Each structure stands twice: as C-alpha cells, then as structure tokens.
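Two complexes, one shared chain (chain A), two partners (chain B, chain C).
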Partner chain A sequence: MIENFIAGTTALFGDPFTIGIFVFGVIGGMLFGAIPGVSMLTLAAILLPFTAGLEPAQGVMLFAVIYCTGTYGGAITAILFNIPGSPENAPTAFDGYPMTQKGQSGKAVGAAVLCSAIGGVASALVMMAATEPLANWAIRNIGPPEIFALVFFGLAVASSVGARTIWKGWMSVLIGLLIATIGQDPVGGINRYNFGLTDLAAGIAFVPAILGFFAVSEIFVQAEKTASGKYKAPKVSMTFPSFLELWMHKIAVLRSIIVGFLCGILPGIGATLAAFMSYGEAVRWSKNKDEFGKGKMEGVISAETANNAATGAAMIPLLALGLPGGALTAMMVAVFQMHDLQPGPLVFMLSPDLIWIVFAAMFYANLSILLIGLLETKTILNLLKIPFQFLAPLILMLATTGAYISRGLVLDVMVMFLAGILGYLLRRSGFSIPGIVLGLILGKIGEQNFAQGMQMVHYDLATYFSRPICSILILAGVLTLGSSIYRAFATAK
Partner chain B sequence: MGRLTRSHLIEAVIFALIIAIFYGFSFQFNQPIEIYRFGATAWPRVVLLLLLIATLGNLWFQHKHGSATQGTIGQSDDEADFSEPGTIPRMVAVLLTPFVFAWLLKPVGIYFSAPFFIAAIIWLFGERRWKAILLMTVLIYVIFIGLFLVILNAPLPQGNVSPFYDFSAWILTLNAKLQGL
Partner chain C sequence: MKRLFGTAAIVAVMATAGTASAFECKRSEASMEKPGGFPERALTMIVPYGPAGGSGQVAAAMAEAVTELTGIPINRDHKPGGSGTVGMTAYMAAPADGYNVLEHIDDASSAHALDSSLPNPATDLIPLVTSQVTFSQIYIRTNETRYTDWPSFVEWVKAQDGKATIANVSKEGSMERVTMKFITDASGMSIQQISFDKGAPRYGALLGGQVDALFEQPGDVRNFLDANQFKPILTIFDERPDAFADTPTHREMGMDFDPLLRFRGFYVHADAPADRVEWLKWAFQRGYCEDSYHAFNESKFMTVIDSYRDTDGAKDLIMRSIDQYREVYKAMGLDVK
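Right after this comes the complex of A and B.
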C-alpha cells in the first residue's frame, strides 16, 4: 500500500499540469461550496465537458478533489447563512447557524474546518487500506433489502430533526418521498405525475430542488424579516475553537468517522445520510440533548466529520463496483465513460495508476482543507459584513445559473423558485426542509431497493426480515421512531 | 375545536387536498408491471396513506396542544410575522419577482433580464438609495458575467425574441473577442 501511495503521490506532484488541476480542484471546490447559491455540483456540471480533454486520471482526480473540498465548503454557507451548500451540510446548519447568531461563527467554522479535515483524512486512509476487502464484504452482505432498511433507518432519524413537532417531521419526510415519485417509476419505467410535461418524465432534478428548498427559501425568510423589521445582521466573530474545546469532542469525532464511513460505503446513500445519522447519534449519546439545535459545537463536529468521512468511503462502491453513491460520484462515472473506461473491479487491474493518483489526491485534498480552510476562514467570515439586500440578488443569480446549467432547462429554474416558495411556506409553518430534501433524495433509492428486495425474496416478508443486517437496521429504525415519539409525548409543552 | 386555530385547519385542508389530488392522479398510471407484483401505484399510495395518517396526527396534536413545540432536535424557524403594515404586499412581490424573471428567461434571455431582476430584488429588500442600487446592480452583473461567461464559458439562456436575442449575441461576441486577446 505504501509503495502504491508513494507512486500515486509522485505521479500527482511530478507533473506541473496535474498539480495545476489539483490546486484548481481544491480551490474551486472550496469556493463553489462556500458561495451561497451554488455548490460543488454546479462546478462539476460546468467542468464535465472539459474533462474529455484531460487524461483519465486527471479528470477523475479533479472530481474526487472537488468532492472532498466541496463537501467542506458547503458547511461555510450552512453556518453563516443557514444555506447548506449541499444536502450533506444540512445538519451542520442545525447548530452552526445558531452559533453564528450567538456571535460564535469563528468557532463553528473553525470546528468545521478541523473536523472535515480529520474525517476526510481518516476516511482516505481507510479507503486506501481497505477498498478491496470492504468491497468484497459489501458484495456478499449488502443487497437491496439492506439498502432499503438503511433508507428506512435514515428517514426515521431525519423525521426527528429540524421540525417543530414529530408529526411535522414525518410530514416533511413524506412530502419529500411524494415529490420523489414524480417521474418514471424505477421498476417499470411508467410515467407518474408528469402532468403532461415531457421534461418531468425524468423526475424533479436534485440540484434545482435543493437550491430552491435551501437557498431560495432562506432568501424569502430573510426578506420577510426585513419587511417586518425583524432582520438582525449576524455577528462576525474571528475566535477559533481552542485545542481543549476540540479535544473534549474526541469521542464524537471518532463515532462520526465510523458512522460516516459505514454510510458512505453503501451505494446510493452517500454523505447526506451519514451526516444526518451522525448528528442523530450525537444527540442520542449526549447527556444534554436539549442543547442541540441551539448552537452546540458537537452538532457541527458530528455532521462535518461524518460527511467528509463518507467521501472516501463513497469511492469504494464507485471504484470497486461501478456504483455511484451520489450526484457527484455519478458525474465521475461519466468522466470514466468519456475515456472509454468503466469503473468496477477491472479498473483495479487495468488502471492501478489511476486509482492511486485519485487516492493520493483525496488524501492531500483533505489535508488542504486544514491548511487553506484556516487561511481562508477569516476572509469568508467577512461575507457576513455584506448587507443582505446586496447578498440576496447575488445568491439568487448564482442559484438561477446553478439550476439552469445542470440540464439546460428553464423548467429547472421554475422548479427551483417553486421549491423556494414551498420551502418558505413550510418552514414558516414549522416543517423541516432537510427532512423534505432527504425524503426527496432517498425516495427513489428506497422504492427501487424495496422492489428489488421483494423480487429477490419472492414477496416473502419473513425471508426479507430474516437477513441479519436488514433486520438490525429495521429494528434500529423502529427504535429511533419509537424513542422520538416517546420524547415527543413526554416533552410536549 | 380544542386549541385548533383557523391556520391549523387551513393547513390540514391543504394537505388533504394534496393527498386527494395525488391519489386521483395515481389512477392515470395504474398499470400492472409484469416483473413487479405491486405495480407503479403501490409506493406512491403508501406514501399518501402515511401522509394522511401524519396529517391527522398533526391535527390531533394541534387540537390538544395548539402550536406548541415538541421534543424534536435541531433548528426550526420562528413563526412568520406579518403584523407590520406592508409586509404582505412586499412578500407577495418578493415571491413573484423570481417567477417573472424565470418566465422571461426563454424569450428575453438572462443577459438582458438579469440587471432588472438584480435591481428589483435590491429594492424589494428595502434599499432606496438609487446610487447604491445602480452601483450594486452593475457590480453583481459584472461578477455574474465574469464568472460564468468569461471564466467558465457556461451555456446560459440567450432568449429567442429580437432585440433581446441580438443583445445576448452582442455580449457573446464581446466575450469571444475578449477570449481572443
């Protein structure tokens, strides 16, 4: 492994053009992640056609680097503006934004920088050491029933966070699941709820929906506060967390790395579920549960460690099985295909150089988060000083472009603004936007894997639940649901 | 009525309508799938059933406890405040302006409509100094053009109605000349 890593490092830093691409990916991912209104997916969608002119290793490496640094960058907007750069940063906003409102933005961003780097580096190391055995284990033990069970568990966790009541939490998740049914059904390809619009046959695209629910709805909330005279400019603070403060959360970091890595390894689940589950676990293990959601640093640490820990793990199903774990890894498959390559077990035999350049690049990209992240944090915090009436049109313009670019459809811009209005109205009624988005993301995956699982067991539920991992995950989901309902009834005030 | 308010009932009626409409439309694709016993309708209908249960549960909770919060985790927003006069018309304008902009993208294109949209949003957010509006509109437009057109060469909607299309073509020609320098 060490020889391969050194060979990958030499190939990465031995060519000035490859170094240039690496640096571009690091800075581009961080910037696009940290600019409210666009995300790493916007950058990736714009760059996709250009990768045809690069070497295969350079193209895949560029996307892998953007994935690592963009996942961290999205935390900045989540903390400073309550606009998660991507869905995996949504739980970061639960405590990150209240910390900003309390004048602790520097501490929140500092914790996000450090924990993203730790989670990412740890994940990259495990990825390098264990891709092959883990892929073999996953092939044998993880099938559609297990993935469906994990989706159920994830939705049970998501239903208990972010909404005003447990009922509204479940309604939020179910709204997301309902939106996900628009478009072709994943088994028979039958059009559902497309209302005669051919563009809707492919379903609601994630990027415009996410931009609408997170970025546009936040603009509308702030507009309402401005109009009603309740808008308060967030306080800027440059104080970073002390070493002692971070050391106190070492258990949370370790737990989040494990949760993030285990979620990330499962195809189709990715970093979003990792962040939600890690946040949920942090709350479950905490003695001061009531402090979560009010600006507790452990909330930021848990979400940010886990989503970056999932980035390395997400490369395992992609590289070993050819299964993408999310939108960005799906674009990586396109990069492979542009160069007549197919990700999967053969890549390890046919292109080991490519694999190790990508592994080395991800390792160094996560280290760069620490170095560049700390340097740029003070600059980024100054974004808070820009009056919101000038920041809002900039965010809306960037979001419009981000929504349009992915598919070149004006319909997507319409969908984004519609999602923005819907998100605004639902937020003001106490619903959870992250819950809706998680339902939207996991809906199709859940349905597809449920259908495949039922076909596998010939519609026999007893066989379905006799699979140990599946039954454990379903039980965990039921317990999560049961405990949240109990807590809801016990603490209604 | 318990602690139910009119807004609680409106919320429940809206969700009931959504469930009814989606259930009604589910008959449009109620076809069997040879390889899958449950067909294309089973999943959406289960989701609708669960949504109905959750809506009734929510209504029951509101009947018992009003708008109280429960022991959920994470950040939830404070309630909307429309007590200040003029808030509602201004919010309606804020919500509609992006739609007008999106609707104009196809015929007018983004290059022509963007400055008007930017200025409108700044104004709707309460800025009344026309010099500041003008300056910030130009600055944001330049940032937008510089990032997406000059640096990233991203394909953006150009419009299909003259003279707006000609304006977009002129911007693109300028960019091509700039790239050639």
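Right after this comes the complex of A and C.
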C-alpha cells in the first residue's frame, strides 16, 4: 500500500498540468460548495464534457478532489450565516450558527476546518487499505431493511435537538416527516399532497426547504429583534479552538468517522445521511443533550467529521463494484466511461495507476482543506462585520438565487419563503428547526427503504426482525425512544 | 488474468458485432443552411432527469455532437422529478420558438397512455430524432448456483411460492412493471418486484444477494457484464441480438407478447416555426452520425439493435407504444383517462 501511495503521489505531483488540475479542483470545490444552490454538482456538471480532453486519471482525480473539498465548502456559510451550502452541511448550522451568535465563530469555523480534514484523511486511509473487502461486506449485509433501521435509530434522538420541550421536539420531527411525504411515493410513483401541481410531484426539494427554515427564518428573527431594538451584531471572534478543546472531543471525532464511513459506503446514501446520523449520535451519547442546537462545538465537529468521512467511503462501492453512492460519484462513472473504462473490479486490475493517483489526490485534497481553510478563515470571518441592514438583503438574495438555481423552478423560491415563515412562527413557539429538517431528510430516505424492505420480506415484520443488524438497530431505536418518553414525563412531573 | 482476457474479448466481439449490424448514418446532408439566421444564439435543452443518469448522459452526448456539427452551444437545463412530468410541464410552458428542445424517454408515452391530458410526444411535440432504442433483459449473478438459466430460474421461482424477488423500477404503469406482468402471466410464476428508483442500489441489491434477479437494459449494466458479475438469462426482444447470441428470447421461452422498448429521444414544440423545426431535425439526426455520439452509443450497448428513428419512425414507435400501454393498462384494471 505504501509503495502504491508513493507512486500515486509521484504521478500526481510529478506533472505541472496535473498539479494545476488538482489545485483547480480544491479551490473550485470549496467555492461551489460554499454557495447555496450552486453546489459542487453544478461545477462537476459544467466540467464533465471537458474531462474528455484529459487523461483518464486526471479526469477522475479532478472529480474526486471536488467531492472532498465541495463537501467541506458549505460549512462556512452554514456557521456564519445559517445558510448551509448543501444538505450535508445542514447539521453543521444546528450548532455552528448559534456559536457565531455567541461570539464563537472562530472556534466553530476552526473546528469545522480541522474536523473536515481529519474525517476526510481518515476515510481516505481506510479507502486505500481495504476498498474491496469493505465494499463486498457492505452490499452483502446492508440492504433496505438495515438502512431503514439506521434511519429509525437516527430519528429516535431527533426530538432532543433544539426544542423547548421533548414533546415539541417530537412534533418538530413529525412535521418534517409529514413534509417528506409530499410528492410521488417512492415505490409506486403515486402522487401525494401535490394538489394537482405537477412541480410538487417531485416533492419538496431539500435545498429550498433548508434555506427557508434556516436562512430566511433567521432573517425574520433578527429583523424582529432589530425592530424591537434588541438586535446585537455577533461578535467577530478570530480565536480558534485550542488543542485541549479539540482533544476533549476525540471520542466524538472517532465516532463520527465510523458513522460517516458506514453511511458513506452504502450505495445511494452518501454524505447527507452521514452528517445527520453523526449529529444524532453526538446527541445520543451526550450527557448534556439539552445543549445541542444552542451552540455546542461537538455538534459542528460531529457533522463535519462525518460528511467528509463519507467521501472516501463513497468511493469504495464506486471503485470496487461500480456502484456510485450519490450524484457526484455517478458523474464519475461517466468520466470513466468517456475514457472507455468502467469502475468496478476490473479497474483495479487494468488501471492500478489511475486508482492510486485518485487515492493520493483525495488524501492531499483533505489535507488542503486544513491549509486553505485556515488561511481563508480569517478573511471570511470579517464578513460578520457587515451591518445587519446590508447583510439581510444580501443573504435573502443569495438564498433566493440558491433556491431557484438548483432546479430552475419558481415553486422552489415559494417553498423557501413559506418554509421561512413557517420556521419563524415555529421557532417563536419553541419548536425545533433542526428537528424538522432531520425529519424531512431522514423521512425521505427512511420511507423509501422501509417500503423496499417490506417488499423484500413480503410484508412480514417477523422476517424484518430476523435480520440481525436490522433488529439490533430497531431495538436500540426503541430503547432511545422509550427513554425519551420517560424523560418527557419525568420532566413534566 | 485468463478470465479477464476472455471477458474483454467477448465484450469486444459483442460490441463489434452490434456495431456492424446496427449503426448507420441515415442523414446524408453534411450541412444545412440556417433558416433566417436561426439559430443565432445557444439552444436550451430541458432534461427531465438528473445529469448523472441515462437521460442526463444521452443529453450531454447529443448536445456535444450537435455543437460539434453546428457550432451552436446547447445549455442543458435539468428538471428532475415526478417521473419526468416536472420537466415536461416546464418544457410545454417554454416559448415555442425553436430555441427550446426537450430530451425525454418512453415514460412520456406511457404517461400519456395512462392520462391523455398529458402531452402526447408524437402529436403535441415533434420528435427530432430517437437516438437510443434498447431492449430489456433479466439478469442473475454469474456465480449463482440455485439456477443458471431461464427454465431453471422459473422452476426455482415457482418453488418459492411468491417469495422470490426481482429488482426493477416498478412504479405504477412503468415499462418495467408492464413487462413483468407479461412475463409472470406467460410463465405462470409469481415474483415479488422490489422497486429501486436509482441504479446503484438496484445493482447492489443483486450483487449483494438482497434480491434474486434484476430487470434492466444491457447498456446500464455493461460494467457488470464486462466484469463477468451479471449474466443475462432472458432477452425481452423478438430475436436474439448478435451480442447476446447465447441468451434466449422471451418468444423462444414460450412467451408470446410484443416487447416494450426503452427509448430516448429529442423533441421540439409542435407549433414551433416549421423552417426552424426542419433545421433542428437535420442537426439532431446528423448529430447522431457524429463520431463522438456513435462512440457514446457504442459504450452503452446502444448499437446492438437499431437505435435510430427519424421523425416519422419515432412517431410510429411512440404511437405503437401508447396503444400497447393503453391496452395493458385497461387489462390491468388501471384508471385510464
């Protein structure tokens, strides 16, 4: 492995043009990842035709690098302005933005930079060491019933995040789950709650909903404070987390790497579920659950470590089996095919050089997050000095553009503003925005896998529970749910 | 290594055989004068699916080919969702000036067959070209030991008393579900269909043994065929394509139904200016002949059978498909509007 890694590194940095492509990918991924709506997928789609003119290794490497840095890019806007660059950065905003409001923006951004790099590097190392056996294990042991059980397990703690009471936390999750049912059902393709609107048949898209619930509702909250004279601009802090502070979160980092990696390795799942699941696990294992959603650094650490840990893991089924984990890895299949290659077992035998250049590039791209992230952070933090009356319209403009541009539908802009208004009213009443978003995102994934799982077990729940991983996860979810209900009653007394 | 060489050689022979029999450029004019200067700016191609799937890829390949040929850029606007209905609605609302074209698949025909208020791709639109036509197959794992061919598969499925599973995209009225109904009715077996809307989980389900078989088109699983991981046991087409000479067709296995084909093509509004439509027909039909597009189709097994239909051929294919779907929907008791 070491020899191959050195050979990949030499090939990567031995050619100025290849270095140029690497640097372009690192910076382009970060920039496009940071702008809401214009995600790394947009950049990848633009670049796809141009990769035909590159060497196969250069083309695949460029996409792998964009994947790593693009996943991190959206964390900065999530932390500073409550605008997640993409759905996998949404859990970063749960605690990152409250940290900014508490004058701890430097710590939040620093933690995000460092943990993104750690998560990415760790998963790149595991990817290099054991791609083929891990891919084979995952597809043999994890099917739709297990993925549904994983989602159920994750949702079981969602009520604890950010709501005034556990009951309101559960109501928030249920609202999210209800919104997730809008659109065609994932198995039969039957329209639900679309009120005859064709555009709603596709369901509520994540990006406009997240922008509305986070960014727009926040503008309303701050505008209300400004109108009542209570607005206080967040203090700009350049203080990065100390080594001791980060060391205290070593278990959270390790846990998030494992969770992120496990979610990333599942075909069709990827970084979004990884970030949400990891955040949920941080809450589950914490002694101070009530602090989540209010500016706890562990929340930022868990989400950002996991979403980057998922990047290396998502390459495993792609490279070993030809199974892309998400839209960007699916585009990588197209890059392979443009050069008459097919990802899968043969590529390890036929093109080992390509594989190791990609592995090396992903390793160094994750290290670059650390370097460039720390360099850019001090400049970016100064954006917080912009007065609210200028910042608010800027954020609204950016969010509106982001909501529209992802699918080019006016409906998405309307959804964003409706989500903003709903989010504002629910926040005033003590409901949890993270809970709603968790319900929305996990609900869609969970419903699809539940339906597929039920078909696989012929609608027999007993068979469902006969699958060991599935039954363990559901049992653990039920226990969490039970303890949550017990705590709710105990608190009420 | 020996197995690897053997697989690669088989694939090469398959691709060559298909190419020789099915690729032919049928639009001879290498150039065409622009009518009134049209187009004087970039075209917009609405694609009702994401950029990474089969439609996204064929849209990108055709856009590249047409741009190579004409020098006119084509911006692709992806509007996924609702099994293609979101993109179709957006296209029908776009100006019918010839600057907007649409990529769509046979789902548009089956949707119209079920609900005639939805656009008919053959009459409400003008097909510029159908550039991919393919058939479906049933696949099993190559290392499967419980059954090895279609007869042993049917026998095994019957013994499972409805508990055998097959992965496909079994949304109501889809080509996959209708074809599976034909197959199960004709073979007298009952099999549980598991619907996966994305390719990767669907293929992973077969690879990992989560399901017993897979319903798919050969171009979408080419890498698994190349790697000798999947094996076709039934071709749902009237004759054996050269590339799959060892795989029996459904008719050979005693199933007497007309196969439904998967097709992808390009369209323009029916009320777009006629001279512009003629130019677009030339550009897209000739784009099919470009080397880059040919190479793309070959990589997708789309030269195994004739993938090309001009406007009239495409209309014929669409209308026949609509009639066929409508009959089946009625027989299935679906609410045909």
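The rule is simple: the second predicted complex is superposed on the first by the 321 of 493 C-alpha atoms of A that agree within 3 Å, B and C clash if a C-alpha of one lies under 4 Å from a C-alpha of the other, contacts with A are read in each partner's own complex, and residues count from 1 in each chain.
In this section, contacts are C-beta pairs under 8 Å (C-beta built on N, C-alpha and C of every residue); 3 or more make two chains touch, one makes a residue touch a chain.
Note that the coordinates shown come from a computational prediction; the quantities given were computed from them, not determined experimentally.
*Asks:* With both complexes superposed on chain A, which partner does A:Met331 reach: first (chain B), second (chain C), both or neither?
*Replies:* Once the two structures are laid over each other on A, A:Met331 reaches chain C alone.
*Asks:* For A:Ile190, select first, second, both or neither according to whether it touches chain B, chain C, the two together, or no partner.
*Replies:* both
*Asks:* Taking the superposition on A as described, I'd like to know which of chain B and chain C A:Lys250 touches: first, second, both or neither.
*Replies:* neither
*Asks:* Is A:Gln455 touching the first partner chain B, the second partner chain C, both, or neither of them?
*Replies:* Both partners, chain B and chain C.
*Asks:* When the two structures are laid over each other on chain A, which of chain B and chain C touches more residues of chain A?
*Replies:* Touching more residues of chain A than the other partner does is B.
*Asks:* Check whether A:Leu48 is in contact with chain B, with chain C, with both or with neither, and answer first, second, both or neither.
*Replies:* second
*Asks:* Check the residue A:Thr198 against both partner chains and state whether it touches chain B (first), chain C (second), both, or neither.
*Replies:* A:Thr198 contacts chain C only, not chain B.
*Asks:* Can A:Lys378 be said to touch chain B (first), chain C (second), both, or neither?
*Replies:* Neither partner.
*Asks:* State which residues of chain A lie in both footprints, the one left by chain B and the one left by chain C.
*Replies:* Shared contact residues on chain A: 187-188, 190-191, 408, 451, 455.
*Asks:* Once bound in the complex, which stretches of chain C touch chain A?
*Replies:* Where chain C meets chain A, its residues are 1, 4, 7, 50-53, 57, 60, 64, 76-83, 85-86, 88-90, 162-163, 165, 170-174, 192-201, 203-205, 207-211, 222-224, 226-227, 229, 299.
*Asks:* Chain A touches which residues of chain B in the complex?
*Replies:* Interface residues on the chain B side: 11, 15, 18, 22, 25-26, 29, 31, 33-40, 43-44, 47-48, 50-51, 54-55, 57-58, 61, 64-65, 67-77, 79-84, 86-87, 90-91, 94-95, 98-99, 101-103, 105-106, 110, 114, 117-118, 121-122, 124-127, 136-137, 140, 143-144, 148, 152, 154-157.
*Asks:* Residues of chain A touching chain B in their complex?
*Replies:* Counting only chain A, the residues touching chain B are 46, 82, 91, 93-95, 97-98, 160-171, 174-175, 177-178, 181, 185, 187-188, 190-193, 195, 216, 220-221, 223-230, 279-280, 283, 289, 292-293, 387-390, 392-394, 396-398, 400-401, 404-405, 408, 410, 413-414, 416-417, 420-421, 424, 427-430, 432, 434, 447, 450-451, 454-455, 459, 484, 487-488, 490-493.
*Asks:* Can you tell me which positions in chain A touch chain C when the two form their complex?
*Replies:* 41, 45, 48-49, 138-144, 183-184, 186-191, 198-199, 201-203, 267-268, 317, 321-325, 327-328, 330-331, 333-334, 337, 340, 342-346, 349-350, 407-409, 448, 451-452, 455-456, 458
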